[in-house]
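Lettered A, B, C and D in written order, each chain numbered from 1.
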Amino acid sequence: MGDRNVRINVPLLARVEGEGALDVRVKEGRIDELKLVIFEPPRLFEKFLEGRPYREVPDAVSRICGLCPVAYQMSASHAIEDAFGTEPGPWVREMRRLFYCGEWLQSHAVHMHLLAVPDFLGFNSVIEMAAHYPEEVRRGLEIQEIGNAIIRLFGQRSVHPVGTRVGGFYHAPQKAQVEALLERLHRALPLAEALVAWTATLEVPDDPQEFVAVSLRHPDEYPMNEGRLVSSEGLDIDIADYQGHFEEFQVPHSSALHALLEGKPYLVGPLARLNLNLDRLPQPVRDTLARTGVRFPSSNMFHSALARAVEVHYAIVEAIRICEAYQLPETPYAEVRPRAGIGYGCTEAPRGILWHAFAMDDDGRVVKVTIIPPTSQNQARMEQDLRWSLERLGLEKPDEELRLRGEMVIRNYDPCISCSCHFLKLNVERL
Amino acid sequence: MGEYAWLPRDGLGALLDALKGRGYDCIGPRIRDGAILFEPLETISQLPWGASDRQGPGFYRLADGNERRAFHFANGPQALKPLLFAPREALWRVVRNEGGRLAFEPIVPQAPPRAVLGVRACDLAALAIHDAHFMKGAHGAQPDLQYAARREGLFLVAVNCAHPSATCFCASTGDGPEVRGGFDLLLDEMEEGFLVRPGSGAGGEVLAALGLGPASEEAVRAARRQLEHVARCQTRGLPGRNLQDALFQKLEHPHWEEVAKRCLSCGNCANVCPTCFCHTHEEAPELDGASSRHYRAWDTCFSPDHSYLHGFMVRADTPKRYRQWLTHKLGSWHEQFGRSGCVGCGRCITWCPAGIDITEAAGAILEGGQ
Amino acid sequence: MIPVQYPHEAEIVERIQESPSVFTLRLRFTDPQVHNAYSFMPGQFNMLYLHGVGEVPISIVSDPQDGCMYDHTIRAVGRVTRAMAALRQGDRIGVRGPFGRGWPVEATAGRDVLIATGGLGCAPVVSIINYLLARRQSFGKLTILQGVKHSDDLIWREQYERWAQLPETEVHLAADVGGPAWPFHVGQVTALLDRADLRPDHTIAMMCGPEGMMRAVTHELIERRLPEERLWVSLERNMQCGQGNCGHCQMGGHFVCSDGPVFSYPEIKSLFGVAGF
Amino acid sequence: MSKGKPRVAVHKFTSCDGCQLAFLNLGPQLLELAQLVDIVHFAEAGMVAPDAEVDIAFVEGSISTPHEAERIRAIRAASKQVITIGACATAGGIQALRNLHNASEWMADVYARPDHLETLATSTPVSEHIRVDLELWGCPTNGRQVIGAVRSLLFGAAPVDERDKICVECKRKQNVCVLVAKGEPCMGPVTRTGCGALCPAVERDCFACYGPSDNPNTGALAHRFRELGLSERAVADRFLFINNWAQAYRVEGLKWREQENG
């Protein structure tokens, strides 16, 4: 390369939610500096939530992200209930799982079909892909729609659903509605199985790497709303202790905060969840996965796509289980009695753990909030992965190829850049 | 008094079965979301046994009633209106073929015969108005295809009111509380059972099939006392039956501005009113543009588009909109239908989120003589 | 009777651009049965439907005797009418109608007829003018007064000029704002009344246009001792159904679409000009 | 509109991405839409041409950075029709709450090094920066609205401006009024239709995510809320929420906030 100074400027990275830039400086055949520049115009949610009544919080935090509003509503509700000492009871607990299944289905389906899979198949968009893979696209859209339907069952609409309140839900669905949904879920089950099998056939770079995985872990369920925080390196803590082990900090090149676990980058999201909770999958889901021949835990980051497919399958199986046992409750929520205190909530958003801490006052107003979204937690890991992947690809490769691989690596994390970011420009500087 | 048959309380199920047996889809009052609404009725246990209500301006709460009664409540937010004049429905459909030709086709609902249990006197009075408007073309219209399809084969089981709400004033309009006509069967609910009377051939047949004995004279007397008591309980009233001339002389009264300070112009009064018939049209084309449906939807004189003319709104502000509602309902309605548009059901009082009371407003405007 | 609860297909036989924003559609029903059954009187209107967009009430301007085609002259002002402006000859639209009560043609017998219009108000009266001219012997003098905002707004100038040539026919034009090629009066229509030679006890007046203009003319005519029941106005209100069902067009107790749109002055006098009705 | 298929762009500004989902959640209709129009820019769906000239530009998000203020002007210049989608683009969004506070202080509280961030003191609607042809309200705007707008424009007609009150839709759906039957402080009487009266359908109060309706009597509703037992501060909160920067709500909300502060 000598001292040739190359600058590649990709104006906008497609198929991620938001805008950011990637700066890579290559010196003597090695990556000298790599920065995933995320420019998220700050929206200051943590600040304007201060002083607001608890009733409004689920509706407010939902607006942080249009792709995973349920996750925000769930983490915040749990945190506030924790602060107030509210016990929502078994019905609410089950229905929250069902509600969350809806979000996993819709979010994973959008990511797989609209954002990531076109990468593996070499298309720029789902619209191009649909011309060649009409069946697969239709299947993806159907799964997405069933996820939306579950969210609508409780929340009337799939983006910023309106049914959640601290303590539970405003309204319980009628039995007939749940039965109608159940029928659709049964029809979707073979689609999900087919999706797992198909995803396993997609050709992905075979490039194992070492990383730390972090997720929730529950004594007997695949994790969603509850559990302890565990890592592939033996961490096992209460969610309230998050800040004792994880450090959040600002880097000059990004408006999304970065986070490290005991000084190291770590991975959250479907691959981390699956790697750490394989034994919590119900048998049929494990069987379908086994038939693909792909082994988990996996250290191939590109197996994230398959992990998502497995979670799609799981979400449908779980939703069927809950719907089959559905009973109208006496009341769909627990009465809430505000009291001053701090509470924590950590749930598994489609993209990984979403951690909330809420300090409340006696009137039930918010005193202070900390929100740590999955994408900022993954940021350091993404930079680590980019370094690794680009070097393994070969830095002498044409800029275009470097850029494509870089984008593919980033998209593989399903970065929810709305929880954080914007334009992704790739600037490769070769010195 | 052979006029009334006696249906013991536990015989109500037999009536429901008889109706179902004749092919009717049955609808009756049920509790939903904190109010008593007309909903599909599968069993009589779904009726609001033991429930009642408390109502006031802008106020409605379910309350405890009498375990032995299923109809011991005053009317909820709906009358028969939504069952016949649907809140939103397609009127016709058009398909455009490749050559640009248009094929139009009316959409007439496949309406199975329906039986409604628990219809009140005010509901029937309102129904007569809507029949005149939608079916008999009171203002020159051809019969409304959708309304007519649903009206055909409607079987009405009326009930005389036994529990008035504080917002009822049907005695003052002359429309209740006693049901006087327009029903197929009429019930008076007593603790031990029901007095039943047929009001049509179809009603007579159903009644005959139930094979009931006659009601005792004591029961008939008790029912009469119950009805009189309900009428006496009503405290609200309008200043007169025909207020057309009086109201149109008060178009500049300051009270229009006064009400408008509180009125939200939300149209809830008109939407719950069983006689209001205004509707708007909407076009709903398919994305591909080849076909389209033309809908109608409930509308009220409180909406901006109700009086919109290009570049100009006849009623841009709330005083004009509220005045339109009141002068039409209690005034010009006489010119159009030969009676007032108010049947005294009190729904507009209860369901006005601002708690505006039509009897109070009319009183204030006509104060100092009509 | 043709069902009017839903539209019937009509073909645009001809399209005429009258001015930059005004165009005329000449229509024919495509279904011969509908075509044969359809008849109307001057002053009535149709609901015209543009595919996928919506319906608007538009007067019929042609002569009822000219039974094979129906003309509608439309000013493109808003959502539906602007989109309609793109229609071309051969295109199809939907038509429901005819609706409403038209002009009192019988009452013209043996009388002088005064027609006063403003703006595009001329559309609904063109039909009655044509109708009367075809029956010239049955009435007396015809006086046409037409006012427009700006001289450029005048459409059908040749038509007015042709009418002006007819025996016992007077045409007076006025524009609020004149222009270089405007030989006529500049000012209000009401001023034209001075030029017309009216015989109050023999005259029947028909008016159409903005309500302010109609009120002004009405007052002038009453001052000139025209009996109130011989003053007729055509009103406009929002209309969705066209047939006395949707309630939008009410003016007091009247459904303008079916009781009108043409009213005699005593019928509407009490609310004419009252803001809000 | 130019000959051939109209060209469409979907742009993102400061937002949560939720309104773009109105497109991405269309299902098979998204593919159908792609047949009818040429989607030239829609980064989230993979089409990238931010500077392309288009017939219709949909804009999501509020203007909250100097760069965004520039970018929106460029979009105006390159687009025949600019249609805002959602509360952020149409009214500044929930993040406009910063406009009522000292934003830089807030920034310092959230970020240790606020000097690394480039941002404006306010989050403002697109219409405060450029001329907007149509505003689709809602947080989020839904598929029916965007499809309705596109379809109307394809027919050569202006889209319908929906400005009735939520109550109108609420009654059409035969929901039980939560204000009357539960005493909930429902914002339906001053909020614009479009959502389908979703909140009352789940027995809760509308919180005005569709913004002010035609002729909103905010003062009367605020007084009604006081009668229902809300404090002055709670009344202010009702108005100063998702669409806090929309004129009718801002004025009413600030009035109550001032009263609360004496």
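In this text, a residue touches a chain if its C-beta (ideal position, glycine included) is under 8 Å from a C-beta of that chain, and two chains touch if they have at least 3 such contacts.
Every value quoted in this text rests on a predicted model; they were computed, and no experiment measured them.
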Per-chain Cα centroid nearest the overall protein Cα centroid belongs to chain D
If you tally contacts for every chain pair, which pair is highest?
A-D
By Cα centroid distance, the chain farthest from chain C is A
Expressed in whole Å, how far the mean CA point of chain A lies from that of chain C is 65
Based only on mean CA positions, could you tell me how far chain B sits from chain C in angstrom?
40
Roughly how many whole angstrom separate the Cα centroids of chain B and chain D?
37
Centroid from C-alpha atoms only, then distance chain C to chain D, rounded to Å. What do you get?
43
Multi-chain contacts in chain C: which residues touch at least two other chains?
51-54, 78
Can you tell me which residues of chain B touch two or more of the remaining chains?
33, 285, 289, 299, 305
Where chain A touches two or more other chains simultaneously, the residues are 171
Touch relationships between chains, expressed as pairs
A-D, B-C, B-D, C-D
So in the complex, the part of chain B that touches chain D is made up of which residues?
32-35, 37, 58-61, 77-78, 82, 87-88, 261-268, 271-272, 282, 285, 287-289, 297-300, 303-305, 316-318, 350-355
The answer for chain C against chain B in the complex is residues 1, 3-9, 30, 49, 51-55, 77-78, 90-94, 236-238, 240-241, 243-248, 250, 252-253, 255, 258-259, 270, 274-277
Can you list the chain C residues touching chain D in their complex?
50-54, 78-80, 82-83, 86
Residue set of chain D touching chain C in the complex reads 151-152, 155-158, 160
Touching residues (chain side chain D, partner chain A) in the complex
12-22, 24-25, 27-28, 30-31, 34, 39, 43-48, 50, 64-65, 68, 93-95, 97-98, 101, 103, 106-107, 109-113, 116-117, 119, 123, 139-140, 142, 195-196, 198-199, 201-204, 207, 209, 234, 237, 241-242
